[in-house]
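Following this line, the structures themselves.
Common to both upcoming complexes is chain A, partnered first by chain B, then by chain C.
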Partner chain A sequence: MGTPLNVLEHVMVPEHHIMSEEEIKQLFSTYKITTEQLPKMYHDDPTAKMIKAKSGDIIRIIRISQTAGRAESYRHVIKRSKK
Partner chain B sequence: MSVRKIIWADTYDEDGYPYPQGLMDLNLGVIDPGLRCKTCDQKASDCPGHFGHIELAKPVIHVGYTRMIRKLLRVTCRSCSRLLMGPEEIEKVIGTEEEGTEVVSEKDIKKEQVCPHCGVQQLKINFEKPTTFSEIWVEDGHKMEHKLTPADIRARLEKIPDDDLKHLGINPEVARPEWTILTVLPVPPVTMRPSIILENGQRSEDDLTHKLVDIIRINQRFKENQDAGAPQLIIEDLWELLQYHVTTYLDNEVAGCPPARHRSGRPLKTLSQRLKGKDGRFRGSLSGKRVNFSARTVISPDPYISVSEVGVPLAVANEMTLPIRVTQFNIEEARQFILNSPDRNTTGGPCGANYAIRPDNRRIRLSGANLETVAPMIEPGWTVERQLRNGDIVLFNRQPSLHRMSIMAHRIRVMDGKTFRLNPAVCPPYNADFDGDEMNLHVPQTEEAQAEARILLSVQENILSPRFGGPIIGGIHDHVSGIFMLTNGVKWFSRSQVLYILSHGNPDHLPEPGKVENDVPLWTSKQVFSLILPVELNMVFRASSCLNCDSCKKEGCERDAYVKIEDGILKCGTIDKKAIGAFDGQIVHRIIRQYGMKRASDFIDDLTRLAIRGIMLFGFSFGIDDEDLSRTEYGQIREVLDTAAMDVERRIRIFREGQLEPMPGRTLEETLEMQIMQVLGKARDRTGEIAGRHLGLNNSAVVMAVSGARGSMLNLTQMAGCIGQQSVRGERIMRGYDDRTLPHFRKGDLGSEAHGFIKNSYKSGLSPTEFFFHAIGGREGLVDTAVRTSQSGYLQRRMINALQDLKVAYDGTVRTTGGRIIQFRYGEDGTDPSKSSYGNPVDVKGIVESVLKEEC
Partner chain C sequence: MEAAMEEQINAATLPEKTKEQMRKYLSGKSVTQEDFEQILTAVLREYRNTRVEACEAVGVVAAQSIGEPGTQMTMRTFHYAGVAEINVTLGLPRLIEIMDARKEPSTPTMTIYLQPEWARDRDKAREVSWQIEAAPLHEFGDITIDMEKMQVAVQLNVAVCEKRKIPPVAIMDLAPRKIRERRHFRDFDSDFDEEKAFILFIPKNRESYQNLFQLAEHVRNVIVQGIDDIERVVVRKEGEEYILYTEGSNLKDAFEVQGVDTSRTRSNNISEIAEVLGIEAARNAIIQEALSTLGEQGILVDVRHIMLVADMMCMDGEVKQIGRHGIAGEKESVLSRAAFEVTVNHLLDAAVANEVDELNGVTENIIVGQPIQLGTGDVKLIAKPIM
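Coming up: the complex of A and B.
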């Protein structure tokens, strides 16, 4: 049924990357945080599925920002409960 | 937890002494002064109170947990009390061990099945509000019902194994489900249900005490009947009665249960009612409280005080105080406060003190009689409560406090009269007017609070709104009209006129006269305005009266809408809403960027005084004859409207003949409607143009519309020209009788008059049918505003509840109190909008203009 949709190619979907161990360490030390303090996203989020993120991964999102031009954000991938 | 078992329903004996083991037992704490608590041996003021208990004859259900009881009865076996699921089924719902955060819900259990553990057929559990549970089954085609007593239910709940409870989301180490069925009832301490003594010496008990009396009475009767071996029927009745009393004691507003009433018929205020709702413990006593050191009265305007000041009536200033802690450095000053009588009766008089507080916190009320004795007594360590005087900092607030500018700090100015006075230029942030508005005033009591108010909350720090990074304080109404009339075009003033305009400002000197005519020096109005501008200000912009022509004539603009300020001198252009108005105020904004908040607030003060003097010089009024047009205009307007009506008739005829071409995606009827609306809309605009041709800048309404002070050209059109089409939901008025709006028209009439077009103006007056249509259109507007305010108010409340604890951390991230990150950089660029220039961190245009001295 139809062609498969790659959400990452949609104009309104920002760039998503899985971060490496090294980058995560760097991120945690700059903000002095733990995994728990990061914003979350579900493992079955269409973008997470597209970049094959597993629960526990940390994702860097690069957005085009109205105010700053380019803005980075980070998400901790968690498993979605069934209900 | 309990210090005493309570068995007697009586409270006090004939001597007014509490019964032992009664509801007012001395072990539960004391409220009468003089007695001591039997538990903690403290006086009434110090004893916090202690709980007692009532042993219930039979268990009863706690109403707050009926949903949980229902769920547990439905998911567990009626015989072995285990969860009605096999291990595989549980795993299917909950998932594998490791995640284990899921819980089983009622929906996961199949109805009326056989228990997988003991094989007993399950029955349907019926729940009837408020607290009745029963089992239902069908036998020989008859419906059978069996009531479950609280004791039965408790027995079932007791048997549920700990492991099953975990799957249901209950931690058995913390709470067992059978605890939802009460066997003992806590009796709250007397301190939370004090009895009050009425004027006639009678005691009046608290609602909770009344309810507890009922419970004990029934409980006692129940026990006696039980011991006497009364028939089952009576026992059941008493049990139900006990259940009713315990239920209403906990919550007197349960569905399906008549509320317990006082003798007077008033429903009792029991436990749940104390907590719930706007005046309940949470919203009424914990989130919000009444405060001391506050005042409230009507506000009225005073354009001659500064925007950062507030006029306070002498009566208020005499009543409210500020604590002055006496030290060796200020002891003489403090003594003087005491010696100045507290009965200050002139606004200029020195402020006195109302109280002196000794180091042991005893207050001495100061009055004419004891001033001389108290004054020599004070020494470091005392506190003197001084009355308010000019220059004290206070917080000023108007509800609804929708944004942070709804509370700002002002300096006091003690004044005669009974109202708070404020400069009309600070009305926009408070959204205040003077049609009877009241405002609140709070006096910060500590030096820290006063400093914080001065630095963060003062009016001058809040000129720039964090909403859009522009000024929200500025000229309004008359300020804009006045400054517009003053600066529009070139007007020459004599020395005395110039001094009249400037008389409330404080200019050091007058500039060189613009010209000298017959030895009389004359100044232009633009020169007068330039006197209040900072000396080095350079800027170029277009006034609100600018029409956005395709090619700008700049200095040659015939409307004088091209504003150019060079080195603090207004070269050309008109000052109006765009330049100095609240929300727009380009000059105010530029002054803040280049000279700071203090200069801007001074500018606003100077400007409002100048503008008020300006409007007084010219005089400004509006009357019914300002809407008059000449005979030619009336003829033209009638002609325009007649042609439009004929045009509408013509289009209806084309439609009736079936010749109308439908627009894409529209039906024929819709096409016709759109065409008619368009024709009539255009006709209305044409009448406006005709009226506008006649009314020039000598008309006050035009001045207000063009300068942006108030109203628009549309308002003027409706007053002088034609009111135009009335609409409901953007369409012509169609409702009413069958195929017509009113019995005055023929059925199926599609003409302009029959569907709400008003040919008349407000000046000429409406015909009866027109008036009716106008009322219809007006009602829609009223309903819309009512709905909008309530909806946006609720939206705002929820937004604030969600966002209130977020703050920007020192590293620029937005975090919750738990340190969780919401934004990695505030607003993605880390800019404080109230320190920005309309959202941009740097005002590039302003910097270029101030260097080049021309438009960029």
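Coming up: the complex of A and C.
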């Protein structure tokens, strides 16, 4: 067996953090947005599983951007719709 | 530069990269506080000027910026991308593949990086490659069809097994099981002699020659070592370390192999990346793949446009294609969807479902001849009554 896979350590995976209630409030008021306007992420996404995010959580993603150097993005965790 | 200035840079509302450039430029230089303030204001002003204006149609700009150079691309480029005769689809076909979010690219490949202990030594790297490359049974010994006794006999070559680091017992156990499970052929019994490294396959129907030959074919081609989807592995030295390039892709299984660096190994199959590493990794993969495909052809497109496309594709938690089965097909407005592709179907379905078009978007407002909500058209005057 190789090293146990930790997807968060892969170079292509940026940092993921679950946001606290306060941070979410702050985020929504600075950008004047609602949860529905955020990009989404499925609850069974490998990264979501790794940081133990539940559906309804909001994840802060710290990307290494080619233009800005460091860029923050947010995703709302949702349940994958069954087909 | 003084500490106070450093703090001022940190506090400024500038992108990290710009701050970094400022620090680098100013470090070791003696600037007065007055000069520094001037520099900072100038940088801030410049930054504000280069930002995208509110209500700017960035999507249209991105579409044109990718579309125009795209017309310059060679229609059919199948060439060996320099990497030890592994064929990779490049150019326009590849770009279309990325944008269409195909489940499987036409030439899936992986770039497997190795952990330090394996990466330095060619023999060690080769060892890892054997665990990955799919090897059929006939590579491990002689297969004979015994017509008289109606059976297939395999004499394993112990030397080959040793060289490939797989015990003969493992093959003896694996081969019959894999024929049943992977190749779905079950009409046979098997027996093996551990000491002589000998396996015997006996078909259940001992009357038919056709059956015997069919069995022999399965025995010959059953994969007993490596990952089934990976047809070929090429070991190459790049700089100080050995890297494996594969034909065929299976990230999940490759990560399980001992010696594989699970933090750098990548695939060109974007939907596979989304599945194994998550949606953010898929976004990065789209950006990198699209950029390198374009760059390979000598076409320089700003990353911002590609980032926008990648963001759109990954917005809903899974990789969606640009086009009628993805982004364009899921637009709110009926008229906007009808304007894109399969017009009649959309109008018909909308009529049946009694859909209402709110006329919020750009396309639908152009169709009905109203001002669009872009640029100055998006600004509304709001009066604040004095209480």
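Here, the second predicted complex is superposed on the first by the 79 of 83 C-alpha atoms of A that agree within 3 Å, B and C clash if a C-alpha of one lies under 4 Å from a C-alpha of the other, contacts with A are read in each partner's own complex, and residues count from 1 in each chain.
We adopt the following convention: a residue touches a chain if its C-beta (ideal position, glycine included) is under 8 Å from a C-beta of that chain, and two chains touch if they have at least 3 such contacts.
Everything numeric in this text was worked out from a predicted model, so none of it was measured.
> Going by the contact rule set out at the top, does A:A68 touch chain B (first), chain C (second), both, or neither?
The answer is both, since A:A68 touches chain B and chain C.
> Tell me the contact category for A:H16 with respect to chain B and chain C: first, second, both or neither.
Only chain C; A:H16 stays clear of chain B.
> Given the touch rule stated above, what does A:A48 touch, chain B (first), chain C (second), both, or neither?
Second partner only, chain C.
> Between chain B and chain C, whom does A:Y31 touch in the aligned arrangement: first, second, both, or neither?
first
> In the superposed model, does chain B or chain C contact more residues of chain A?
It is C that touches the greater number of chain A residues.
> Contacts for A:N6 in the overlay, against chain B (first) and chain C (second): which applies, first, second, both or neither?
second
> From the superposed pair, tell me which chain A residues show up as contacts to chain B and also as contacts to chain C.
Correct list for chain A: 39, 63, 65-69, 71.
> For chain C, which residues are in contact with chain A within the complex?
Contacts found on chain C: 15-20, 115, 255-260, 262-264, 266, 273, 275-281, 284-285, 287-288, 303-304, 307, 311, 314-318.
> Would you mind writing out the residues of chain A in touch with chain B in their complex?
Per the touch definition, chain A meets chain B at residues 31-33, 36-39, 63, 65-69, 71-74, 79, 81-83.
> Could you pull out which chain A residues touch chain C in their complex?
Residues 1-3, 5-7, 9-14, 16, 39-42, 45-48, 61, 63, 65-71, 75, 78, 80.
> Looking at the complex, which residues from chain B come into contact with chain A?
Listed in rising order, the residues are 95, 99, 101-102, 105, 811, 813, 815, 818-825, 827-831, 839.
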